[in-house]
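Both of the next two complexes hold chain A, though its partner changes from chain B to chain C.
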Partner chain A sequence: MTTHPQMYEGIFNKSTIRFLTVLIVVALAVPLLNALDSSNPLHVSTYTMTLMGKYLCYALLAVAVDLVWGYLGILSLGHAAFFALGGYAMGMYLMRQIGDRGVYGDPLLPDFMVFLNWQELPWFWYGFDQFWFAALMIVLVPGLLAFVFGWLAFRSRVTGVYLSIITQALTYALLLAFFRNEMGFGGNNGLTDFKDILGFDLQSDATRMALYVASAIALGLGYIACRMIVTSRLGRVAVAIRDAEARTRFIGYKVENVKLFIFVVSAVLAGVAGALYVPQVGIINPSEFSPLNSIELVVWVALGGRATLYGAVVGAVAVNYAKTYLTAAMPEIWLFSLGAMFVLVTLFLPKGVMGILQRERPDNDDSDGNNLDNGNDLDNCGVKA
Partner chain B sequence: MRLIEEFQHRDKVFDFMMPNTSPALDVGQGYLLYLEDISVSFDGFKAINKLNLYINEGELRCIIGPNGAGKTTMMDIITGKTRPDEGSAWFGQKINLLEMSEPEIAQAGIGRKFQKPTVFEQQTVFANLELAMTGPKGVFTTLMAKLSSSQLDHIDHVLGQIGLKQQRNLLAGALSHGQKQWLEIGMLLMQNPKLLLVDEPVAGMTHQEMDRTGELLTSLAGEHTVILVEHDMDFVRSLANQVTVLHQGSVLAEGTMDQVQSDDKVVQVYLGE
Partner chain C sequence: MCTPGLMAPRGAILFPFSGSGGLQMLLRVLWVSLLLGFGLATSIARADSFEQGLEQLKSKDFSHIEQGIAAIASSGNANTELVLNLLLNGELYRLKKTDELVVVQGKQDKKLIIVNLFDDSGASAQTVSKRKIKKVRINNNIRASLKAALASLKLSAAEPEQRRQAVNQLIGKLTPELYQTLSQRLDVESDSSVQELIAVALAVTDLNSADSDSAVQQTAVATLSDSLQPAARNALAQFVETTDNAILKSQASKGLRSIDEKRKWAGHAETLFFGLSLGSVLVLAAIGLAITFGVMGVINMAHGELIMLGAYTTYVVQLLMPDNIALSILVSIPAAFLVSAFVGILIERGVIRFLYGRPLETLLATFGISLILQQAVRSIFSPLNRSVATPEFMSGVIEINPVLSLTLNRLYIIAFCLIVFALLFMLLRYTRLGIEVRAVAQNRAMARAMGVRSEWVDAMTFGLGSGIAGVAGVALSQLTNVGPNLGQAYIIDSFMVVVFGGVGNLWGTLVAGLSLGVANKIMEPWAGAVLAKILVLVFIILFIQKRPRGLFPQKGRSAEG
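Showing the complex of A and B:
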């Protein structure tokens, strides 16, 4: 047989290497610049570093959404729910870490429970004084919810806008539930007033730096995990499901199982992002479940460019930077500009910002010039790297 | 879960009460596909009415019939997309098609080509064939799957059969209509099915393309069993095989093209005389 030209891009194609390089540089540079003396013009304040840590968490969330939306074609409008659940699991651990340093000084019960006159810790708060348990729950709770939800939805063959609507309902139901004091998650106010994580003071620069670096590492690993999925044959099956679901079924793939697997992986990534987000912003409350959040994060992905993964990161960082800037400078126009961005991107940039860059600089050397593969550059990097 | 679902269908004998059958394909009696007394109705309209159809192994059977005769519904039943109200459908002696899902039927060896060419347009011709390739298709096996060199050769072989060697790295969406039809037939070949269901493969093709498709289908019969649904009479005649005429959901006539065309009933429904 003739030699086979390499068919598929590997996990570490050009764009991934470029992305990881930028991520490593940013992850190292910001803490180093933060360590500089504050009189130095290059000094990065702890506030900025924490803000960037927050963006990194959002970026991981956006990557998770891109995995299910860009590659599998499931427009989830409820992904913020998994993010918030991961955040709550981390928040519960941080609450238990407060110990007797709360306002009421109860050694066991968090402040809001004392305030509600509760006598003992609800059963679902047991174990959260242990970090390993909380870490397990951060993965397990969003994963399990996604599994049950996906199992029911996908086997009933709910697709398209109907699925989007029920994911909205899911996050809205959770929003309403978490607002209730009886639920035992702090109701309206959520969980806050955190002191320590793993025994380190959350307010100290060193802890903030560690959290920032941890977010960067989580984003990098999450990104690589997604690349592993999308470059595998399973990733090609996912794209097949996105483009022609019935056909995929008739060539023998159990579409439900593929969807379920990728949906659960995505939910777990979202949960991890939420867990890293909470200690950096210092609070988790039910508003994180608000349907608007989920829609906003779909805008990030659409703006950056779907089915590229790095587009999601760029979109998340760009929109959130704009949000930070605009909500401070011109708070009244933020929502209008968010809406305008979504409309303009949908109309003029169906492949997002990354789509323009690709058009200008086609970075593949395939002679037939037909690598429209939804923005994926087919680098010649081996059948499987 | 499956059990619970079955209890919900109170109108039929529960599948688990039936004697269980072995999944191995056995064509000892010669028939590869039996459809017996199949009926299905949609909102009172009988799409299929007591249909009986027997297909021999290695046969190329053409199915013709006017619009609404139930040709596509019949394919839907065989591939598990539609469940009939009554009747039985067996693949070989031992595989009961009525209790299997679409992917299970596909894995058992029945491939289907749709009326409208459906290929994965955003992926290369090569990837289309790779995805269709026979083999275990579970989530984790697919996640870890690597192409072996014999599989690569198989794909290359099929690329040659369908005449798309030059286009292997082209996106399927960039192919012409006829090429897409061939790619879809190629995907069926990758599945290596015992039975191929082909729905109007030459609709919209040029004469040259039709000739090539005809050759392709004839070369497939023997090794595979082919059921061909077609409107184009000249094309069916050129394949010169057993023809079944469907009308109002049941078989009207069966035989060679000439026998069928001289049949009075057929002339009546077809030409409206």
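Showing the complex of A and C:
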């Protein structure tokens, strides 16, 4: 058996401290540089800052995926659904904040409902005028969905690719559902045209800065939370489940409960990421549920390196930076390179980019995350050829 | 053909003879041949009757005009319909000076440009003031007989479809003359559906006319009860509302119930048909996956794109032979198989073989390949949808009865699906390749020990599954537009079908695909297409919780793998 040194290092091992330091520096530096006069060569535009805020949200989402995939061996192809649900909860709050400033000026109903000739607010929109309620829902809705889904799936021991496929079916079903106007979530167009959050104008630089910092804080806290889980006894059981589910069960652990707990935590993190994402991009629509999104974020994690957490962050930022750059500069190339990334990473980089970096420094005592000696370990629960 | 019961009332009117069975039939033949003989004899006289009729139209007397119309209508002249239509629309004029029939062609200043009737060249065009011409006037009586004359003209049109439309227009509006015309028509009508429609039209009149006695009405009710024509049902429903005759009323409402019953069954049959055709599409899309995923255990997320490649192959083949659409479809089937199989083997040899035993990695890598294939197609063929023409023999409908008709392209899809399934099944069952495929799937090490070249079998199996996907693409190109996203639309459905049916089981795939298709169509009327699809997805998600290995799980040692 391979030992897992990182488990005994405590929450704040070297890599975590290094990661948090970088995060704090970036979180502080960007707003400071943004505050500089725009003629200054070091000035960072608000656009760039918002873009980086978006990346931070993606990074948190990637960390959530790494938690279930890297440490639990569950390849979820539906995590974008939790992300989008958190986003929709935030979007509903922001819609209610518009009040009578919408195009139709209705004090209660959002524009799209007036447009659809609805007379009253659907019941599930009540309460979203309060931030605390929306914040609760951001955590509760994805968490509850993950709980119900996970409870059903893990109890009946749906594992491996079967689980992947039904998570994909889940997000696909949600995609179709949110496209329907009758659902009351704005149909095809989703929710947009937001004005302000907690009374602050969403367009102002100060609010954008606050959202950026909030995303960084969320990522930091989420990261620490994941570290706490993976370094705990629970985390060790999770890794045991990943590597040999049946054996762990025979030893006497409640495999279902462990899976369910970590899956729900991961879904909640994804929901929070989505909630921070929406005010920064200014729109949430059903395409966020598309199965492609879910799979794409899996490749962030795969590229960065599974079961390292910081690898997920690196992967998310790197892939999204490439996406922003390529879709603008050479839109034809983007899907080719994304596709090639999937193939090359799975074929040649089973431990991701972080795996290469570690290989290049063999005498480095920081050996965390280096437990994927054999790619097969991850897939003991899968269907065999 | 008409039943004797259906014929009886007509016979009673057409033939003032009593008698039944053989005698009646003999008389009918005599009567028809008499009519035909008469027709031959009068054909010479007809040429004049058209001219005479036209002359009579110039009269100011309505009764002369009416006679003229009758003469024209019975003349058999090719221009009959034209003249009658002009009359009906009030577009036929008489030039006062020369007493010629003219048509107004246009306006110049305040004057009118007129040409002689039947002058297509416009040589006789002249400009006259409005006062110089006089419209050939008609009254309501004449208008009715014009309509009747036009209708009976259409009744003898060559196309059954035109005749059917003509009768349909007449239902419920029969004048005694038209009744007569229709009754005669019934016996010479060759198309059975038009014949039925005529019988309905006559029965509707019988039922509603004041002077028909209850025996005639009774037969009419019986005729209508047997018919599924919408008009027949309407007439019966109206009759039930208005009649005072208790016996007839109960008979009519019984007839109504039986019609409604039949319509309900026709509705069910139609839903089943639509469901089966949707299910066949699902089976076609999924069956290649049933090989690669079910038999080999390889998660191929690029399966949808292999379908897409098949559809694009059809498009390209059609570009190469634009003059022969039907042949191009037939050529496309093997071509699409080869193209997709080739790409599939490349994928297997290039990527998947390094990932055997690591299904999650396979999933990711093949997903990457699917993105590359999509973008490649987008770059080569443009992101726009391409439409593939449907060959002649696949378009059209088979009308089972007035409330149930089956579209041919759906029928072909169902048949095609079953053929592909049968071929694949036999291939796996009875050929050497099939035996080797199953051997490797069940126990790779043992198969290798027995001398099976497992690498070669892997490549061939994957090629086979991919090729079937390409063939499915040919079928899909006939149903939807061909675009880069075609594959994505089917990949989740395909996986659902395979997982629902039970991995590694071709029969399971067939049953699962067809039943999901039917379930979808059953729910669609009350849930809407999107919600139905969502419900099916949720159902499958829940079903997998209950039976993680599908409808027909594999049994025995290979099941646990």
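A few notes on this one:
We adopt the following convention: the second predicted complex is superposed on the first by the 354 of 385 C-alpha atoms of A that agree within 3 Å, B and C clash if a C-alpha of one lies under 4 Å from a C-alpha of the other, contacts with A are read in each partner's own complex, and residues count from 1 in each chain.
Please note the rule applied: a residue touches a chain if its C-beta (ideal position, glycine included) is under 8 Å from a C-beta of that chain, and two chains touch if they have at least 3 such contacts.
Just so you know, these numbers come straight off a predicted model, no measurement behind them.
By the touch criterion defined above, A:P291 lies against chain C but remains apart from chain B after alignment on the C-alpha atoms of chain A. In the superposed pair of complexes, A:Y253 makes contact with chain B only, with no contact to chain C.
Look at A:G339: by the touch rule set out above, it reaches chain C but stays clear of chain B.
In the overlay built on the shared chain, the residue A:R233 is in contact with chain B alone; chain C does not reach it.
When the two complexes are overlaid on their common chain A, residue A:V161 makes contact with chain C while staying clear of chain B.
Of the two partner chains placed around the shared chain by superposition, neither chain B nor chain C is touched by A:F128. For chain A, the partner that touches more of its residues is C, with chain B and chain C as the two candidates. Annotation: chain A residues 383-384 touch chain B in one complex and chain C in the other.
Residues of chain C that touch chain A in their complex: 296-299, 301, 351, 354-365, 367-376, 378-379, 444, 488, 492, 495-496, 499, 503, 530-531, 533-534, 537-538, 540-542, 544-546, 548, 561. Contacts from chain B toward chain A in the complex involve residues 79, 101-103, 106-107, 111-112, 114, 118-124, 126-127, 130-132, 134, 137-139, 142-147, 149, 152-153, 156, 169-171, 173-174, 187, 191. Touching chain B in their complex are the following residues of chain A: 1, 4-5, 7-8, 229, 232-234, 236-237, 239-240, 242-244, 246-255, 257-258, 261, 366, 368, 370-374, 383-384. The part of chain A that touches chain C in the complex is made up of residues 75, 149, 152-153, 155-158, 160-162, 164-166, 168-170, 172-173, 176-177, 179-180, 291-292, 295, 298-299, 302, 332, 334-336, 338-343, 345-347, 350, 375-376, 378-379, 382-385.
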